[in-house]
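Both complexes shown next keep chain A, but they swap its partner, so chain B is in the first and chain C is in the second.
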Partner chain A sequence: MPKGGALAAADIVRAAAMVAAVAALPLVIPVNIATEVLIYGIFAMATNLLVGTAGLYSFGQAAFFGAGGYVAGYFLAQGFVSLPLALLLAGAGGGVLAALIGALSIRRTGIYFMMLTFAFNQLVFYVIYSWQSVTGGEDGLAGIRRGTIELPFLGTLKFDDNRAFYALAAVLFLVSMAILIRMTRSPFGLVLDAARQNARRTTSLGYSVHALQLAAFVIAGVISGIAGALFGMLYRIMPIDAVHWTGSAYVVFMVLIGGQRSMLGPVLGAAIFIWLQGLFSLVWTRWPLLLGLFVIVVMIYLPGGLLDLFARVSAWRSRLREQRR
Partner chain B sequence: MPIAMTRRHLMLSTAALAAGAPRLAWSQKAGTVTMGVITPTTGTFAYAGDLVVRGANLAIEMHGGKVAGHEIKLLTRDDEGKPASGVRRVQEAATSEGMRYFIGAYSSAVGLAESEVAQREKLLQFAAGGSEDFTGSRCGRYTFQWSAHPYTAVRSTLEYVRKAFPQKKTVYTLTADYVFGHALLKYTKIVAAELGFELVGNDNHPFGERQYTQYLTKVVAAKPDILLLNTAGADAVTAIRQFASFGASGIAVVGPWTLEVDQLPELAPEMRTGMILGQNYYPDIDTPANKAFVASYSKKFSALPGYSSAYGYDAFRTVLKAMEQAKSVEVADVVRTLEGMSWDGVLGRMSIDAKTHQLVRPYFVVRCKSAAEMKSPADFAEIVALGDKQQPADQNQCKGMAEL
Partner chain C sequence: MTSQDHIVLAADGLSKRFGGNTVVDRLSISFVNGRLHSILGPNGAGKTTLFNLLTKDISPDGGTIRLDGSDVTRLSPDRIARRGVARSYQISSVYLDMSVRDNIWVAAYRAHGGNPLVFWRKAGGYSEARALADACLERLDLTCFADTATKELSYGDQRLLEIAVTLAAAPRIILLDEPTAGLSRKETERVKQVIATLKGAFSIIMIEHNMGVVMDISDEITVMNRGTVLAHGGPDDIRGNKSVQEAYFGS
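After this line comes the complex of A and B, so read on.
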C-alpha cells in the first residue's frame, strides 16, 4: 500500500492522467464506441476483481451484466425516468443474482466452479429467452429510455445527447475504477489475493475465505449489473446475446489480453477487444481466426497481458539508456 | 494493486489506446452517398451474408455506380448474426463512414435491434426477415420491410391449397417454438377460419430439434389432409426428411414460409415432390426486372440467385430508384418518396404501405417437381399462384409513424 507524500503525489498524477485519457477518448473514436469501451471497461474491471485478485475464474459474468441491463431496461421501458433508481435496481438485480449463484457455487474450486457459473449463465439466458412478455425474448428488450437525474436548484439532467451519456458513463467508470482499486488495496483485497495464492493457508490463518470470496462475487455482480444498465441505455435496446455465455468468455478474454495485475489492464483489454474486432472484420471475412490468433499470441508470449508488453518495453529502454551512460 | 506500474507505463498505455483508435469521424465526401450491407459473414448464417452482398453489388453495378449525381460507396460489415454486434457496426459505420442507408440483417433479432439505431441516427434501413414486429409493434419511420408479412405468406399458400385441392379440409400444424413459428401459427388460425380449414392438432418443437418422429407419429395417427410446417431452415429440412420415411402419401406437405429456394437442394427430389411452398422469391418470376437480374447474376456467378441475393438486389434497386425519383440522396426525401412510390420491381408491381412501411408485393406459391419433371438440376419447382393479400389493418400493432 502506498504511504507518504511522494507516493500519494504519484497516485494523483495517475488519477489525473486517467481522467485526461477518458476525456480525450471520444475525440479519437466515435462517441458511442467510446461509451461502449467504458461500459465494457467497467464490466471487465469487475470481472478482474474475481479473476485477477481472487483467482475465481467465473464464466458466468454475462448473467449479471444481463440481469442489470434487463432490470433497468424494463423499468425505463415502462415509462419510469429516474436514472439513480434505475442504476440502483440494476446493481441490486446483478447483486442478488450473484448472491444466489455465488452461494451455490463458491465452495467449488477450479474447473467445477467454472462449469457451475457457466451452467447458471445458460440457465439465466434461457429464462430471459423464454420469458418473452417481459424480456422481449429472442428479439431483445426494446423501447429503453435514458433516465434523467433530478437535481435540486440545477434542474433535470438529461442524457439523450450522446456526449452527455458518455460523460455519465465516464463518471461511473472512474468511480468504479477508484472503488475497485481501493478495494484491491484494502485488507479485504489482500486476503482475497492471499486466498488466490493459497486458500488453505489463508483459512488456517483464521480468515473465512468463502465468505470473503462470496462478498467479492456479489460486488462484481453489482458493478456488472450497473454496466449492463448503461449498455441497455446506450443503444436503447437490451439484446439477448448480451446474456449469452460467449459474453462471459469475452470479458474474461478482455481481462487476460489487457493484464490481470492492475485495473488498467482489463480496460485496455476491453478497448483493444472492441476495436480489434471491428478492425479485423474489415480486413477479412474469416476474421475470428485473426482474433483467435491474436489471443493465442498474447497468451503464449505475454502471460501478463498487454500491460506486460509496456512494462517490458520501458524496462528495455531504461536498460538501453543506462548502457549509453 | 496499483493502477499501473509506473507513470511512463501509464502514459505509454494511454498513447497506445489513442494511437490504436480508428480514424476520425465523418469521412463522407460531398458528392458521395454511402450505403451499407450489414450482414452475417461469420456464424450460423455466414452463407447468406455473402449472397446479400452479391445482390447489392449487382444492383449498384447495373445502376451504373452513380445515383442522382452522386457516387455510390458500398460498405460491408459483419453483424455476426448477433444483435449487439449489429448495432455496434451500424453505429460505427454511421458515425465514422457517414453511412446513411443500410440493409442486410438475416436474423430478425439483429434487424430489430438495428432498427433502434436507425430511428435515432436517421438512417434508412431496408430490413428483411420473418418477424411481423418490423411493421407492427416496433415499426419506425426509417425502417422498411422487404419480406412479405407472415399473414400474406400463410394466406397466399393456403388460398392456393383451397383452390387446387377443394377436398382437403383438415390441417395438422408443426410449429417452431420461437417468435417466428408462433407468428405463423397465429396467422394460420386466422386464415384457417377465413378459408374454412379445420385445425386438428398442433405440436411445438424446440429450435434446432433433430428428432421429429415423436411429432410425426402423432400426425400420421391423426390422419389430417394437410401437414402444415410452421417452421423453417434446417429444422424444416430435417422434419421433411423424416416425414418422407413414413410413407404417408395421403398427407400433403405444405409450408407457408418454410424453405426458401436457397435450401431446396438440401432435399432429394423424391422428398420434395408435390410439396406446396410459399416463397419470398423464386428465380422463375416473370417480370422484366427479374429477367434482367437473373441474366446478369447467372452470367457473373454461374448460379441462379436465391432469396438472399434477390433481397440484396431488390432492396438496393428500390432505394436507388427512390433517390432518382426524389432527385436527392437525403434520407428524409427518400423516405417520403418511398412512402408514395409505386413501381415495377423484381417481384412484380410493388408499393409501400405508408402506415406500416411494409412492402406491398406478391408472394409466390410453388409446387415442387418430381425428378422426371425437372429440366435442369436447379429446376426445383413451378410457380402455381401469386398472392398479395395484406394483413388486415385491425390486426396491425404499429402505433403510427414519427415525424422525420
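After this line comes the complex of A and C, so read on.
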C-alpha cells in the first residue's frame, strides 16, 4: 500500500530527527542537565500514557519514580554493580507498587481517582521518610554507584563519565519513546483512548475497561521506576524530594505544558520545565511562584500545550502563504 | 407463539430503585429470537433503565435476567456484551476524537475476538475486523465519511454511526435506544429501512417514540408505564388498547 509506505517514511524521518536532537542536546546545555531532561522526559512520557491516552489523571506518579530510584539505589549502594539487574529491579519495583495502588484506585473515576493516587503517594513518601535505616530518611539515599554492563567481547561498560551516562540515558529514552509511541497506536492504545472518551460505551463493546486501565497504570509504573533509577544514579543520591507529591504534580505539569496528543509533547514539557526551574531559581528564591504562573498562562492560553502552539503557527503561516498567492 | 420460539433474553421480577423512587418495578418481560420487539411508554416509564439493567450497565435491586436460558444477573457488562448483546445509546456515544473508521474498528476488533492487550501491532489492521468495519460503514451509507473526524459529522450522521458501531459488535441481540431521536424525516426513514433489513437476522429490542416507525416495523410491542408492563401485543392490539391510549397518547 503506497499510503502505508509513505507513512513509514515519515516515521523514519521523525525518528532520525529525534536521534539527532538527542545527540545534539549535550552540546547545547550542560551534560547533566541534558541527562536530567531525558530522565524526566521518560517519566513524563510514561505519565502521558495515563493522562493523554487513557485519561487517567494520576497525581501519584512520583511514588513509582521514587520506588524505582530507591530499589535500584539500595541495590547499587550495597555494592552490587550489575546495571541491567538494577534497572530490572527498578522496573519491577515501580510496576509492583503500581499494580497494588492501581488495583485499589482504578475503579474510582475523576477527582476520586486523583485523590486516591495522591494519598497513596503521601503514604509511600512517609514510609520512605520513616524507614531511615534503609532509605536514609530525610537525608536521602546516598552512596549510589552507577553500575556497569558486562558485554561479551566488548568487556565492561562503565558510566562514571557523565557523557557515557548521558549515552545510557539517551538509549533508554529513545527505546522508551519508541515503545510508548508504538503502544499508543496499537489496539491497546486505541481501546484506552476509546475508554478515555467514553468508558461506558467501550465496556458495552465487550472490553474490560478497568483491566486495560490497570495494565496501562502498571506499564507507566515500570517505565517511571526505570526513570527513577537513572535519576538516583545521575547525582548518586536519591533525594526524598523525588517521591514527594509535588514531583507527581510537576510531571503532570510537564505533560500539560508540552501537550498530550503525542509523546513529543511531554518531552518538550520536561525540557522547558527543567530549564525554567533552573532559570527562575537563579532569579528569585520564590521561584515556584513564577513556575506556577507559567503553568497557569499555558493552561489558559494553550490548552493543548506547546504542540498546539506549533500547530497554530504552522496554520497561520500556510494561511499567510495563501494570501500572498 | 409456538413452542419452537426460542426466548433469547428474559427478565423476571426485575426491580430498580433510585433513592425512594422505584423506576423498574417487578417487571417481567421476554424477547423471542429473531423478532423486533419495541418498547413504548411515556417519559419516566423506566424504558432506558430497563435497557441499562438488561446490559448490566447498572445492577438490579431484585429479579433475574436470563440470556439463552442461563442466569446472567451477576455478570459484568463487558461479559454480557461478549455473549452477543450490543446496544446503542439514546445520547450519542460515538468517540468524537477518532475517525469514523476507528470508531467502528474498535467494535469490530473485539467482535472478532481481538485481544486488547496487543501492544506492538498497529491498530486498524486485522483483515477480518477491517472487513466487518467496512461492511457496517457500507450498510449505513457512511463509507464516504470513513476518514472524517467524527466530531465533524452532522448529528444525524453521528446517530447513524452509533448504529453502525452497534452492528460492528457482531451481536445476536441488539438494543436500540431511540435510534431516530433528533433525526430529520429523511434520516428517520433511512434508519427505519436499515432496521427493517436487520429484522430476522438479529433479535432487536427497540425503544422508540416515533409511532410511525414503531407501528410499521415491530413484530411485538410492550408498553411500559411507571416501571411496569401496561400492555403487550402486536401493533394492532396496541393501537386499539384503551389503557395504552390513556397512558401514552393522553386521552
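Keep this in mind: the second predicted complex is superposed on the first by the 319 of 325 C-alpha atoms of A that agree within 3 Å, B and C clash if a C-alpha of one lies under 4 Å from a C-alpha of the other, contacts with A are read in each partner's own complex, and residues count from 1 in each chain.
Heads up, the rule we're going with is that a contact is a pair of C-beta atoms (placed from the backbone, for glycine too) under 8 Å apart; a residue touches a chain by one contact, two chains touch by 3 or more.
A quick note: this is a predicted structure, and the numbers were derived from the prediction, not measured.
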{"item": "Touched partner set for A:V209, first chain B, second chain C, both or neither", "value": "second"}
{"item": "Partner chain(s) touched by A:A194 [first = chain B, second = chain C, both, neither]", "value": "second"}
{"item": "First (chain B), second (chain C), both or neither touched by A:F294", "value": "neither"}
{"item": "Which partner, chain B or chain C, touches more chain A residues", "value": "B"}
{"item": "First, second, both or neither for A:R185, with chain B first and chain C second", "value": "both"}
{"item": "Partner chain(s) touched by A:F80 [first = chain B, second = chain C, both, neither]", "value": "neither"}
{"item": "Partner chain in contact with A:Y57 - chain B first, chain C second, else both or neither", "value": "neither"}
{"item": "Set intersection of chain A contacts, chain C complex versus chain B complex", "value": "185, 189, 193"}
{"item": "Parts of chain A lying in touch with chain B, wherever the complex brings them together", "value": "2, 10, 13-15, 17-18, 20-21, 24-25, 28-33, 36, 52-53, 132, 137-140, 142, 177, 181, 184-185, 189, 193, 235-237, 239-242, 261-264, 268, 271-272, 274-275, 277-279, 281-282, 285-288, 306-307, 310-311, 313-314"}
{"item": "Complex contact set, residues of chain A against chain C", "value": "179, 182-183, 185-191, 193-194, 197-198, 200-209, 212, 215"}
{"item": "Touch list for chain C against partner chain A, complex", "value": "55, 57, 76-78, 81-82, 86-87, 89, 93-98, 102, 105-107, 109-111, 114-124, 165, 169"}
{"item": "Complex contacts: residues of chain B adjacent to chain A", "value": "1-14, 16-18, 20-22, 24-25, 41-42, 49-50, 77-78, 82-85, 87-89, 91-92, 95-96, 108-109, 112-113, 116-117, 120, 131, 133, 138, 178-179"}
